[in-house]
Amino acid sequence: MSECITKDEFGRMVAGAATEIRTKHVMLSELDCAAGDGDHGATMLRTMEKLEKAFAPGGSDDLKICLKDAGWSVLGVDGGASSSLLGVFFTGMADAVGNDLTEMFEAGLAALQKQTKARPGDKTMMDALVPAINALRSAANGGKSVREALYDAAAAARAGADATRNLQARYGRAKFLGEKTLGHADPGATSISFLFEGFYNGFTSVKGESNNA
Amino acid sequence: MKKFINKPENIVAELLEGFALSHPDRIRLVGNNLVARALPKAKGKVGVVTLGGSGHEPGLSGFVGEGMLDISVPGEIFAAPGAPRCLEAIRLAEYGSGVLFIVLNHAGDVLSSNLTMEMAKREGLNVKMTLTHEDISGGTNPEDRRGLVGFLPVYKVAGAAAEEGQPLNACFEIAERMGRNMRTLAVAVQTATHPSTGQAIFDLPDDEMEIGMGQHGEAGTGRMKLKTADETAEIMLDMLLKDLGVKAGEELLVIVNGAGATTLMELFTLFRRVDQILKAKGIKLVRAKVGEFITTQEQAGFQLMIARMDKELIRLWDAPSNAPYFVVR
Amino acid sequence: MKKFINKPENIVAELLEGFALSHPDRIRLVGNNLVARALPKAKGKVGVVTLGGSGHEPGLSGFVGEGMLDISVPGEIFAAPGAPRCLEAIRLAEYGSGVLFIVLNHAGDVLSSNLTMEMAKREGLNVKMTLTHEDISGGTNPEDRRGLVGFLPVYKVAGAAAEEGQPLNACFEIAERMGRNMRTLAVAVQTATHPSTGQAIFDLPDDEMEIGMGQHGEAGTGRMKLKTADETAEIMLDMLLKDLGVKAGEELLVIVNGAGATTLMELFTLFRRVDQILKAKGIKLVRAKVGEFITTQEQAGFQLMIARMDKELIRLWDAPSNAPYFVVR
Amino acid sequence: MSECITKDEFGRMVAGAATEIRTKHVMLSELDCAAGDGDHGATMLRTMEKLEKAFAPGGSDDLKICLKDAGWSVLGVDGGASSSLLGVFFTGMADAVGNDLTEMFEAGLAALQKQTKARPGDKTMMDALVPAINALRSAANGGKSVREALYDAAAAARAGADATRNLQARYGRAKFLGEKTLGHADPGATSISFLFEGFYNGFTSVKGESNNA
């Protein structure tokens, strides 16, 4: 995998992610109730609305323009930490359009890491995002296809999100809860795993293929 | 949940509409649901902008007015607004001498305001950001200290300085000086329900209270059996005085801020004990404010804030204001 | 019960102490726990006095100040003070031109004030008493209509008239005119606990509200399923407009008074709908006030008040005041 | 019975009434919770304190002065309707000192009736007070002793108070509760019955006689 992704392909990925979030947003809010303020599902729904709108038919055909638009409008979701962070992430990806998909994701991550000190282990979205992007990189270095890479990324994100159950929060609202955050997966990490699951579903959907890459 | 609302997704828009309509001579909504003064500040003065989640009324937009804030950027319920609207507010509050951006230390707000500052600088806007973080329950690391009702004196003194025409640097220094000299501690006894989800934001046994509880039910460290008003005031004031290192003869501003369901009756009773203790220690209580300035829905509990004042801070605290929920003649 | 109090029998004394201490420049306690202005009114002006139970803070003592009340006589929790302290207050508020005595229609208060009036007359004091009774839930007999948040405009306009030196008869006429032209309706959704007994003051099923609920849990007649903010505002405003007989083109003051646990967020949302309805009917909303003026502990619900205004009433409503909980510049 | 009562005799009656209220104030507050604001017991306790103080040893020996003092300080209890009404009642009695006990009670009642429109049947203290005073009058007219008269009055007050259970409140806070007041005795009427019970106990106490008059 070192192909550039097209606007349509990324649009399908976004649509897949939006479907995933729409089916699971209640669970995201429930997770956020356990150690946060219960709004994460609602914020993710609004975030996906903005993303879909940026890739809606009739809009620009330029992936960079679409991603910039997506980033800005996700920043404008006004939903607290997660929408700001995801807005930064998509804005960072936009700046790397022209490079391959892995590089774009890496650029998004780099932008994000300028805004937050949270790293894997801190029980935040980073616990899903960093392994997912590492998986993309390994897949690319190993010559796998985009489809295969996205499959690996989704699996890594899910594993990372699941593992947050055993961590104590050190960032975001939940940090003040300390030990009480043990036993619940981090909502932000969980939604990242849904996003990557959806990216894969969306990327593969049109080709009508089965899920086993 | 027994709240008078309509569709949960419209809460913020509707409450802002009602707020503006109830003060048509003083408040109007501009741009993307920004709360601004009806009569903008005179050209050449420093603009003062803040941001923060909704659901804490009258905080923060209740303090927009002559002598306090120029624009507040309300987010969704308990959620920071994003950078785009903050940037819009800063552009609008640029009257020719720069903008002071006052941010309460909460993760989402800090994230948005850092992004806003980057964008504002890229646009060449003249902005200085000041962070309030006076909640001593966060430990000794300033990053872990949240911004609670201390925003009120910061808005007041910085707003007054801006109103009287002081330059941006001076307004910033005043805000920082006020910020360095204040400390807050919160206690909660009863949860609120989140107006969008209808869920209780925390649990607390029937006979317990929690010292250090944050603005949104973020847990503190001091869970204990419910105490009397006097005992509670003693415990909390003691922690605050120690942390700020207050000595006899110094002059303090004290704020007692009700969380929502705690009555003024209780706040006065608590304040009375604070006054007694300060008198006994020879510390001068020079100004006080008792009421609801930042709430968390129908949560019960209160925040106790102390701030070391100097002549100029007192003068600015006393300066006129016509903010709807902080009128000073 | 989760309240920050000390011994129940000391609640009133302690809250009054705290209230006075938090406004030392404006309020002091005189005589037998009467709340008075720190700087008494100038000689030759009419004094304005009121009475009422405690536990409703900031009502009623929060409105003592230049331009409003001279003295308030607080009773025990939810209980009218007796005649002796009322008489004491009237004697103190006699600055040479008589005293206006403003009484809210509640059984205990009326009893005390009738006795007070008899005693005052026997002493040759020049007092006129005005009764507020604007709660339309009481039916058509004025005696059955309680005095709710309508005390606020009456204090304000009569207080302003007295402050500007109008004679007792004129102050009385203004208070009566304000009183005749106002109507209030209350709704409750959640009970308060009585701070002395720790008991809930009423019960209400989880999905119901009660229109017409009084200031102390006295039942109303309109128990119904909980409604949205818009529906509730529509039902209540409709009843009020009909009762007052408001016509298109007339000018109204609207007050939305939170009972204690109902948030400003909700009050703004409700007010927004009131404004929309009035606009649609061509009725002019000329003044508004949204907040907590008289509470019942942590009860949830609100009072909606409308009042027909004329030029003079508006002028007096706008006049300056430095009452701690009603500052007008 | 047409003797004048002495200050000491009335003082003993007050002491008896105070004892009665002190043992039963919780029940009074409970009754007031059912259809009022739950403070009646507390108000009655404070009322009895003031009464006892007005008759305390070391005070005046003049019954008129003691009763005036009692009335004024009960008015100052600041406890809502009932303490104001009882203050008026004792003030009214004071004005009739010099007449016999029945006439004093009648004068108290007359003073009270100037301040309230409530009459028997309205579910207020009047439902106990009026029959009690009527019983005093009958006893006096029938030539009974003070002791016998007070015994009859206590019985009449109790019957009157009990009967309020079947009435709907038309005065005081409870009037807004309408039908819901059915089934509970009126707190004010109940405390009047305790007062008369106590008056009898107190009057008879020193003579050390049994209760059967």
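Lettered A, B, C and D in written order, each chain numbered from 1.
Assume a contact is a pair of C-beta atoms (placed from the backbone, for glycine too) under 8 Å apart; a residue touches a chain by one contact, two chains touch by 3 or more.
If you're wondering where the values come from, they're calculated on a predicted model, not measured in any experiment.
Averaging C-alpha coordinates per chain and comparing to chain A, the farthest chain turns out to be D. If you average the CA atoms of chain C and of chain D, the two centres end up 33 Å from each other. Our note on geometry: chain A versus chain C, Cα centroid distance of 55 Å, whole angstroms.
Centre-to-centre separation of chain A and chain D, using mean CA positions: 78 Å. Annotation for chain A: no residues touch 2 or more other chains.
The touch graph of the protein chains shown is a line. By the definition of touch given earlier, these chain pairs are in contact: A-B, B-C, C-D. By the touch criterion stated above, chain C contacts chain D in their complex at residues 32, 53, 75-85, 106-108, 111-112, 114-115, 138, 144, 194, 196-197, 199, 201, 214, 216-220.
By the touch criterion stated above, chain A contacts chain B in their complex at residues 29, 33, 37-39, 42-43, 72, 74-81, 83-85, 87-88, 115-116, 171-178, 180. Within the complex formed with chain C, the residues of chain B that make contact are 2-6, 11, 14-19, 21-23, 54-55, 57-58, 62, 189-190, 195, 206, 209, 226, 228-230, 232, 256, 260-272, 275, 288-292, 295, 297-298, 300, 302, 320, 322, 325, 327-329.
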